Amino acid sequence: MKIPDFLVKTYIAIIILIIYLPLVFVVLLSFKSGANISFPIERFTLDWYLKPPTGYEYAAYVSLFYDRQFFAALRNSFTVSIVVALMAMVLVTTTALAFRRRMAGRNFLFYLFLLGFLTPGVTVGLGVNFLFRLLNLPFSFWSAALINVIYVVPFGLILMMARFDPNLLFYEQAAAVLKAPPLMIFRRITLPLIIYEVISAAILGFLLSWGEVIRTQFAMKGIGTLSTFINTQLGVNPLTPKWYAAGTLISAVSFLGFLVFAYLLTKTVRQQA
Amino acid sequence: MSARPPKIMNYILLLPGLLVIAFFLVIPLLLTVVISFMQEFSFTNPIFTVENYIEFFTSPQTPTILANTFGMSLLASLVALLVGYPAAYFMAFRIKSIKTRNLIISLLLVPFLIDWNVRTIAWIPILGESGIVNYLLQYFNIVHQPVSLLFSRWTLIIIWLQSNLLFMIFPIYLALSRIDPDVINAARVLKSPPHRVFYEIIFKLSLPGVIVGLTFVFVNTLGDYITPSLWAGGIQVLGLSVANFAANFVWPYAATQSTVLILISLAVLVILFKIVDIKKLVE
Amino acid sequence: MAKVVEARKLAKRYKGAVEALREVSFEVDENEFFIIMGPSGCGKSTLLRIIAGILDYDSGELYIKGENMKNVPPHRRDVSMMLENFALFPHMTVYENIAFGLRMLGKDKDEIDREVRKMTRLLHIEGLEDRMPNEISGGQRQRVALARALIIRPSVLLLDEPLSHVDYQLQRKFAEMLKEVHREIGGVFMLTTHDQEHGLSLADRMLIMNSGLVEQIGTPTQIYNDPQTLFAARFVGELNTFAGTVEEVSPDAVWVKTEFGTFKARHPAAENARDLVGRRVAYIVRPEHVRVAREDSGQDNRLSVYFNTYYYFGHFLELVFSADAQTRVKSVISANEPFTAKVGEQLTLTWPYTKATIVSKPSVVEGVDIEELIYGK
């Protein structure tokens, strides 16, 4: 009756394969010569990354390195995601610390924060659009960042609350009794003990906003972030390996961020029996 | 922060988060509901009406849109459950090493973090008419003309599965890994056959995880309108309709549809919150 | 003598009701080893946290060295505390943990160094300074936590269940160390425990708590010999209890009619003689005063019982008898004393009336019926 070990392993392997296979193809296609997305791949080339333009190509055929708009969007992406990371770091930390205590409306507030992720992006995007129109506020990377922050915070919150040292409150109380004033307690006890979670929250904020399209589209005008830029470009331009090259670069950033994130998750200050 | 003046300190800590939530979630959603009852998006001379709702619910397209929206998300959730439950089960009970478990969880996270466009164009070289599958089918003379694999509802389900599987597997895995092995042993000792042990003990105790997983996948796919419009034979879903009307500046009608979308999500969430306490999976 | 800690009608309400303080008043004198004892959930930990200032109280007053503590944060109180699970900072070495309080007080490096060395010597934890808390044993953690709390030389040292998170042997060792450290350093020590043995052996005075109320305050001998409530009597040691009605009172004795006959007891110091006659009371006698009668030993109280079973504890022997189907009577004798009896054998137990007493209150908690407390529900 017991399922044999190799079946267990095969099942998990197939799942991993199914979700990673497409990403492998993205990388493969970005090195393909010729403009068609077709098989077999006859020759691998770096043209889609580096080839100097002749000056007569359509956008879809200009190599990434020479695409000014691509770089502008890249810069926007970094700006937005870094701002999201910093905001998420602060908000997740303060909110998670507050949630440790029993207080009136704690459950309600927790669900409210969760709603930031559970509300469909299009409705949030539309609503923020309404508010900005009503108040005559301009869209900028700030609005793009903030609309992403509410989407990111619940993830960080869950992560941090799940990983909080259950004794943290006791350490703080011990410090208070040992004559540490509140700010000192935060600096010497609380922060050092949750530092990995705090940084993780920032990186998670960066990663989740990095590939977000729907919300950002509603809250940013102009060239937008990489994701919204490529989304627009795909609508009006033919699909060439250039977009796979762009995708490879975007994913490389995501993957690097992910590695740091995963590494931080294995680290913890928490010890003691 | 510290131990002493707890209450005030707590509310101070909550303040920044609440401000952002208020300004970028609560007020926008309330505003959407208000605008959905307006004739024009104009607060200088507002005219309130229920016309938009009447129009929406009497439109001949609405039943199809709602059926598509609901149906595809529901299907995606169920497929994710069928695929995800065994994986979660194996991780909780068959994979002993915590490191391996964490590695798998991490690997599941990556597709969710990958840029939305990348996730989408990734499937073209696989399932497209000149993609690898068609190439192989023709190479081995199984078919002679490229077959259209890409634009079907099942493609949509697969794409959604790829990025949402984590949300199904993780909560179930959490729930399963919290089951005390001795509870299962007790059931065995009390003469339960394996399938009864699974259903009476393991499955029932994992239900909170299952429900959280279903809801997360459901709500998450509900908001994605671009993927269905691209892949599933270009089917209309509610989100797409909202975006289209918004793009054409038909604000009140977009608000109406958006409100319906909010209500659907909220209804699902309320049901979830009634059945399980998500916080138990966290704390 | 000056009161170091003074609590007047302290109260703290919780939604959950457990661990709440209903009304607690007491005073602690200089250099007293004061023990707060009670079952888990009685509010003793809450009380300690309120004194430390890491918890607020709702009403009443708290004074430390005459100063009102309302709204005084913990770092401004002349108090230190060893928390229940020690709460050693996991990211700091043993040295940094012990030095923490002095650093917060802004002492200079040399002084901190000197004091830490003094503490590690006093508590026998030299050589551990550079280790992390997870690299030392449970007993060592316990002493590090004590050193950390003690180093700031507080007027009041609070110890929340310091004996309950280590093995039994370590408990005793640590208890002895505590008493020596107290003698050496002085100051007020306030310690909570649910263990009667630790409580009785360490305390100068003790407070018995139950459901957020004070059952009794007194020296260990006062509480052991002259309990004011049945709850307090039970909490500090084994007890034989009979429900009965007071029949007659003399200046030094009372006679209680029980279903096993009329027993004579010492007149309880706190009770007024005239009020007693006709009252339902619990007649109590501790097992170490109950003896198996040889011939006619001429004692005041005699009870016919059947031998039931015994428990051997090495240095003493606990004998269990049945007076009737429900009522067990215990006698504790030295393990050296000769005793032989068959199970079911009929014997007579006796005890001197000077060693027996009565309590008329089951508990300070309202609504507890004395019969219920004696017989169970």
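Just so it is clear, A, B and C label the chains in written order, and each chain counts residues from 1 on its own.
By definition in this document, a residue touches a chain if its C-beta (ideal position, glycine included) is under 8 Å from a C-beta of that chain, and two chains touch if they have at least 3 such contacts.
Everything quoted here is computed from the prediction, not taken from an experiment.
Note: the chain lying farthest from chain B is C, by mean C-alpha position. Of the two chain pairs shown, A-C and A-B, the one joined by more C-beta contacts is A-B.
One inter-chain figure worth recording: chain A and chain C are separated by 57 Å, centre to centre, where each centre is the mean of the chain's CA atoms. Computed centre separation for the pair chain A/chain B is 17 angstrom, with centres defined by C-alpha atoms. Residue positions of chain C touching 2 or more other chains: 53-54, 73-74.
Within chain A, residues 173, 175-176, 180-182 each touch two or more of the remaining chains. For chain B, the set of residues that touch two or more other chains comprises 3-4, 6. Residues of chain A touching chain B in their complex: 1, 3, 5, 8, 11-12, 15-16, 18-23, 25-26, 28-29, 36-40, 87, 90-91, 94-95, 97-98, 101, 103, 107, 109-116, 118-124, 126-131, 133-134, 146-147, 149-150, 153, 158, 161-162, 169, 172-173, 175-176, 180-183, 185-186, 190, 207-208, 210-214, 218, 226-227, 230-231, 234, 239, 243-244, 247, 250-251, 254-255, 257-258, 262, 265-266.
If you check the complex, the residues on chain A that touch chain C are 102, 165, 167, 170-171, 173-182, 184, 188-189, 192-193, 269-273. For chain C in complex with chain A, the touching residues are 15, 49, 52-54, 73-75, 79-81, 83-85, 87-91, 100-101, 104-105, 132-134, 138, 148-149, 152, 158. Within the complex formed with chain A, the residues of chain B that make contact are 1-4, 6-7, 9-11, 13-14, 16-18, 20-21, 23-29, 31-32, 35, 41, 43, 83, 86-87, 90-91, 94-95, 102, 104, 106-111, 113-119, 121-126, 128, 130-132, 134-135, 158, 161-163, 165, 194, 215-216, 219, 222-226, 239, 242-243, 246, 251, 254-255, 258, 261-262, 265, 269, 273, 278-279, 282-283.
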